[in-house]
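Next come two complexes built around subunit A: one with subunit B, the other with subunit C.
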Partner chain A sequence: MSTPTIEKSEPSPKDDAKTSRLWGRPAFFQSYEQELALFNTWPKRAGVALVVLVAFFMPFSLPDATLRSLALAFVLAIAALGLNLVTGLCGQVSLGHAFFMGIGAYTAAALSGDSDPEARTIGFGLQEIWIWLPAAGLVAALFGVIVAPIATRLRGLYLAIVTLGLVFLGEHVFREWQRLTGGAGVGRSAADPVLFGYDLRSPAPDGAFTSDQQMYFLMLVLLLVFALAARNIARSKVGRSFAAVRDRDMAAEMMGIDLPRTKTLAFALSSFYAGCAGALLFTITDYVEPGSFNLLLSVQIIAMVLIGGAGTVGGTIAGAIFIGMLPTLVRDIAPSIRFEVWGRVLEFSELPSEVPNIFQVEQILYGLLIVLFLLFEPRGLFGIWVRTRTYWKSWPFSY
Partner chain B sequence: MTQFLEALVRGLGIGSVYALLALGFVIIYKATRVISFAQPAFMLTGAVVTSYLTPALGVVLFTGFSFFLSVAGAALVTAVLALVIERVAVRPMVGKAVFVVAIITLGIDIAVRVVVTGYIGIGSRPIGFPWGIDTVELLGLSVQIRHLVMMGTVVVVGLALLVFFQRTPFGLAMRAAAFDQEAAMTQGISVGAVFATSWALAGALAAIAGSLLATGAGVDRQLWIIALIALPAIILGGLDSLQGAVVGGLAVGVVEQLVGTYQRDYLPWLGDNVASVAPYALMLLVLLVRPYGLFGTPEVRRV
Partner chain C sequence: MKVHKTGIALAVLALVASGCRGGDDEGGSSAIDAPGVTDEPCENAVNEDNGCIYLGTISDLSAGPFAALGGPITEAQAAFWQRVNEDGGIGGYDVDVTSYVKDNLYNPETHATLYAEIEPDVLALAQTLGSPTTLAILEKMKSQNVIGAPASWTSLWGFEDNILESGSSYCVEAMNAIDYLQEQGGVETVMAIGFPGDYGGDGAAGAEIAAEAIGAEFVDFVETAPGQEAQSAAISAVVSQAPDVVVLGVGPTETAVIVGQAAARGYTGRFVGLSPTWNPALLQSEAAPALEALFTHAGPWGSFGTETDGHAAMREALPDVDPNDGYTSGWAWSYPLKAALEAWLDGDYAKTREGLVEAVNELESVDFEGMLPEEAGDRTGDNDIFTQSVISEVDPAAPAGLTTVQDFTAGPTASAHEFTGACFEG
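And now, the complex of A and B:
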């Protein structure tokens, strides 16, 4: 009697599997490490490098107004990356992102504000960006951890409503705490972007860069750092446990994932991103109004994640830039649009007091874009990209 | 004591409106398992339609006749709008993740609300409520007539809904579909019709609530936010309980008015307008103790 023996396959040298790849088959992975790599295919590496290169050279060819919108879009992208961690990756619907952004914004503004005790608003005079930016993120993350015990007990839409409540409570506190925020309708100045004694908001002394170009570079670099961190979180053990919780929380629990701990971590990380983004959001205009952190801001961020493609870093950034540039686009295009409806000429006015105006068009577009994307392309811009890519990869076999 | 009782009556009045809104949320939730964030838009639509219909009607059989007729008309118009939206944007998403559908309703809400806001104009639009903020003496308390009208409306609407759900075949069908959709379908119940009816009912309820809320200061651009105060109400009552919605709505109204009356004397450091956010604070407190609200069914988790 011969017992069946299990042929133990010779383990291939690990470093060999990691490095070598079949020529001409960029998506063919020979090892798990290969698939989990930061940029797991060479077209991805080349594409990202190209995009980053173009982004760095853009300030030299674009007008300052466009650069300002782009810098704002980059900051919104950081916020969206945070929401993507908790909603796209971990599957916990949060409508409270604006609340955490507000906390970050006021932490940073208070830290970098005028330290004169006679001043209208509190300040500590710590203007260095590397002090107030992490601090803003950490304070926001702390609030995320404080909220988490309520949030981790709730599932699905209960959570959405509770986080919605947070936005309203936050708005109230921001309105009323005048020593910190300056009060409703008055506001205060935002954090100062000072890097090692050099104020990025004032133009370079030798006139090499305008302030908008400097702010653009600052936001671009920060976005790259945060995006890289987000991608690394997503492919690490933590990120994969987030995805497991999203796909089926009970199965994840069975596999030994500590649900409350994972969800708390997701909230803390996402709040950290939100806090940093909130701190940066108003440095460009140097003015924070307590009413800015409202439900619409939360919805805007959600729209970015969903339109970009939930759960993906590239998609989220694309969505954020798309939504962030939407006001600029509408403002450029809308005045040239004229309809004739039932003999009446319909034009979009640029004054908010007239109807219909471009601000209404912009808001309706937010609403409709969310609805249309979810109806027809639930994977968002990322989904469109994947379909296009697949079409060309498999051409001429279109299936 | 008089101050307390008057605040209580005011709270019950406003709370009745929250109850109407909460009923809308719960009816949609029970039928489709989705929270419709489009309710604020429906509420605003109802109020605006009423404000246009009331002066246009101008028939006076008794005081307020044209107002009540316009409210009914606005409820009808809004119900039709809700039906269309349900058919176009929500029905195709049946079977998809609930939060995706919830976000869709959020998008619809923004789009509809912006369009409707365009018809309000600058400032607030009078709604044609004949008594305005007049008060009557009742058992030694001065009570606003509009609060009495609100309470009356919630009683009438509540009874009508009770009869509809308990005594009519279609009401039974809706309860069956809420209980178990597949089993209901095998019994020949059109679940699509149940979805549509739930949206129409919720739209009509929101329209009535919006018109009643605007009786005081008229329709303004901020009116829609009040619809979201019904969210703490449904969380308090539990998402899937009609009785809970009414109790939650009344409780939220009373708490809000009591906080508004007493907070300035006892907790002045909280600032102004705490009353408007008190419901959310109450909701967080209740959820800490009971994650499924006071009347909600705890979710059974099975492998």
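And now, the complex of A and C:
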């Protein structure tokens, strides 16, 4: 009785080239697989692991208010990742992101809403997050596909105008459809973040976690999932065809890329992200008013992509967290700033009824940051990072 | 083994990290186990020996339709609690209503966000302005046992344990005003114009019930959005259908636009404005003559210049202000909260938020210093809905532009109506 022994075959030189790396030469790739790997150098892998680790431990050291802002920034990052797919990667300017976020928000709110027929707004009582979150994404994606045939016929400024129209159409429908949205000035409860019967918005029964800590973890995990997916889309065949369309659509078509199909896919994927983000955006404070899905929201998301660095996942997330945390930062810093202008003391009030106030500072900063980044750092935060990295990589010969 | 090591390292890191997060950032109180109550004196304390109770305020202070009222309401409440503190505070505590003041822009979503922001730091809400806005946080208030004095009068508050309402609701105001106008000389058709949601809707519901009760026809409820430019549909509806009475559930700006332009286009019927429609500044607007001729105000209590102890105390506490019924309302709304805090601290209640909710719902009367009858503060009965309201007319000579023409009265409709739930149900 002898068991057949399987001889280990020697790895062929070709396989070896795919997997082995040269020590001390992180940028030397021996195959496409290596170059297109999720993390193609070990410092990247270590860096991302460190950031994720720090992110998971933050709830244990930061106050709840900051965690709430961060959780909101993570959701906005998911939305920005979606816009990054269609605008940053595929080159199709879209101002309509708020529309798709609205679709997602109301799909989720309706699914998770009170199913009592006497209730003021439509509801189906499906509170589980794994039901309403994908559903919100899918319905938004469906609208993306419906819009796509128009969008694929246009590009540049014309596409921007058409998608701008979407925001206004959406806002009108949201304001008027009272059974679904509660109507303008009234609003409705947002989706309930319930996971297997456990409501993440209520503090843990033994007091181990506050609701803000739980929501932070939820948003962090979801952001990681969506970011990983976005990165994988970007390095797949689909992602590369997006980039080809962005760089020169005619050339892409000549190479055999089906333009309408690619653009439709870009819109569908982007809308899926937007829908999911919209569904999550208002779960933290639990209330959504139809006026929220306006042009300003779209512009905010565009600012995140532009300031972060169009076409990159890491940059987009950095941009979203930066813009998402901007109100918190301004509110923390601005009240302590005092100017003396011509003998008059200038302070920033925390009340919007007084001038100048911190809300004005916030609005001005949005505009100023977009302009400054486009002028001086068109590659965004990611560009700054790449330059810093290159500087240190080639140190002491950085010039 | 390697995994094992990593696991241990992670566990250690978690333990170290969780130790970093500080416990209570507030000083806390030894006697009371509720957020927003400290043993340390308030900032700018009147009584340095007292502890401090922090109350939050979410009002409409800048860009919303009720900004002209929100500012005075907030100011009057600061003066009210200052007076309470000067009298020694409540049960060894001063009350601070100025540290957590937020602006909701009359947007329910903003309101909910601000509530989440201040809730951990306050015991209760000294003011939550608006009906749809307060409705947006009501479920959270209930689950967190937070009570609040509303700055709105929707009839739903009469059925909510966490809302410390004062005075009659919009629904009752509309009923009483229509009954009053019926007595004055026959009402055959009634229309309502209002903001969407529980403010406009509640007034319209009351108008419809009253119209039915007096045998008049309720022709229409026109929903209108806030903003001067958004009123053309409402104005056309008034002019084309020419009802005898139009009940307005809008803001002061919209009131001026609707009344002024409807009059300019030949409408000669009667406008009834619910409490938040009036701002004496309207007497300086182009609509002033139309308002003087056509406008009747239905309010929960007497205007700024009324002679009661409460009104006098308010005028004394706010000596240099332009008279405005925002002040009157802010002052009057604070009495039940004061009574509740007194009952809670002096009585045999758990010294927690739950105990405060319990104290609120066992209040049998509230001393409004004459601004309202004491029984208006009764929250114990099966039918504790207060049905008396005050009717006023425009009088440029009066301090806040309104003179009472009918003091506290419950009309036949409101007296006969059985209030089993909110008039407006969405």
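Everything below uses one rule, namely that the second predicted complex is superposed on the first by the 387 of 399 C-alpha atoms of A that agree within 3 Å, B and C clash if a C-alpha of one lies under 4 Å from a C-alpha of the other, contacts with A are read in each partner's own complex, and residues count from 1 in each chain.
Assume a contact is a pair of C-beta atoms (placed from the backbone, for glycine too) under 8 Å apart; a residue touches a chain by one contact, two chains touch by 3 or more.
On a predicted model such as this, the values are computed, not experimentally measured, just so you know.
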Fit-or-clash call for subunit B and subunit C when the two complexes are aligned on subunit A: fit
If touched residues of subunit A are counted for subunit B and for subunit C, the larger one: B
Touching partner for A:336 - first (subunit B), second (subunit C), both, neither: neither
Which superposed partner A:367 touches (first subunit B, second subunit C, both, neither): first
Touching partner for A:378 - first (subunit B), second (subunit C), both, neither: first
Which superposed partner A:183 touches (first subunit B, second subunit C, both, neither): second
Nearest Cα pair across subunit B and subunit C, whole Å: 7
Subunit A residues contacted in one complex by subunit B, in the other by subunit C: 353
Of all residues in subunit A, those that touch subunit C in their complex: 57, 59-65, 68, 118, 120, 178, 182-187, 189, 202, 282, 284-289, 291-292, 351-353
Subunit A-facing residues of subunit B, complex: 34-35, 89, 92-93, 96, 98-100, 102-104, 106-112, 114-115, 117-118, 121-122, 228, 231-232, 234-235, 239, 270-274, 276-277, 280-281, 283-284, 287-288, 291-292, 299, 301, 303
Residue ranges of subunit C in contact with subunit A within the complex: 13-14, 17-18, 20-21, 25, 61-63, 67, 71, 101, 103, 105-109, 111-113, 116-117, 120, 132, 136-137, 139-140, 143, 195-198, 225-226, 425-426
Interfacial residue positions of subunit A with respect to subunit B in the complex: 93, 149-150, 153-158, 160-162, 164-166, 168-169, 171-172, 175-177, 250, 254, 295-296, 299, 302-303, 306, 353, 355-356, 360, 363-364, 366-371, 374-375, 378
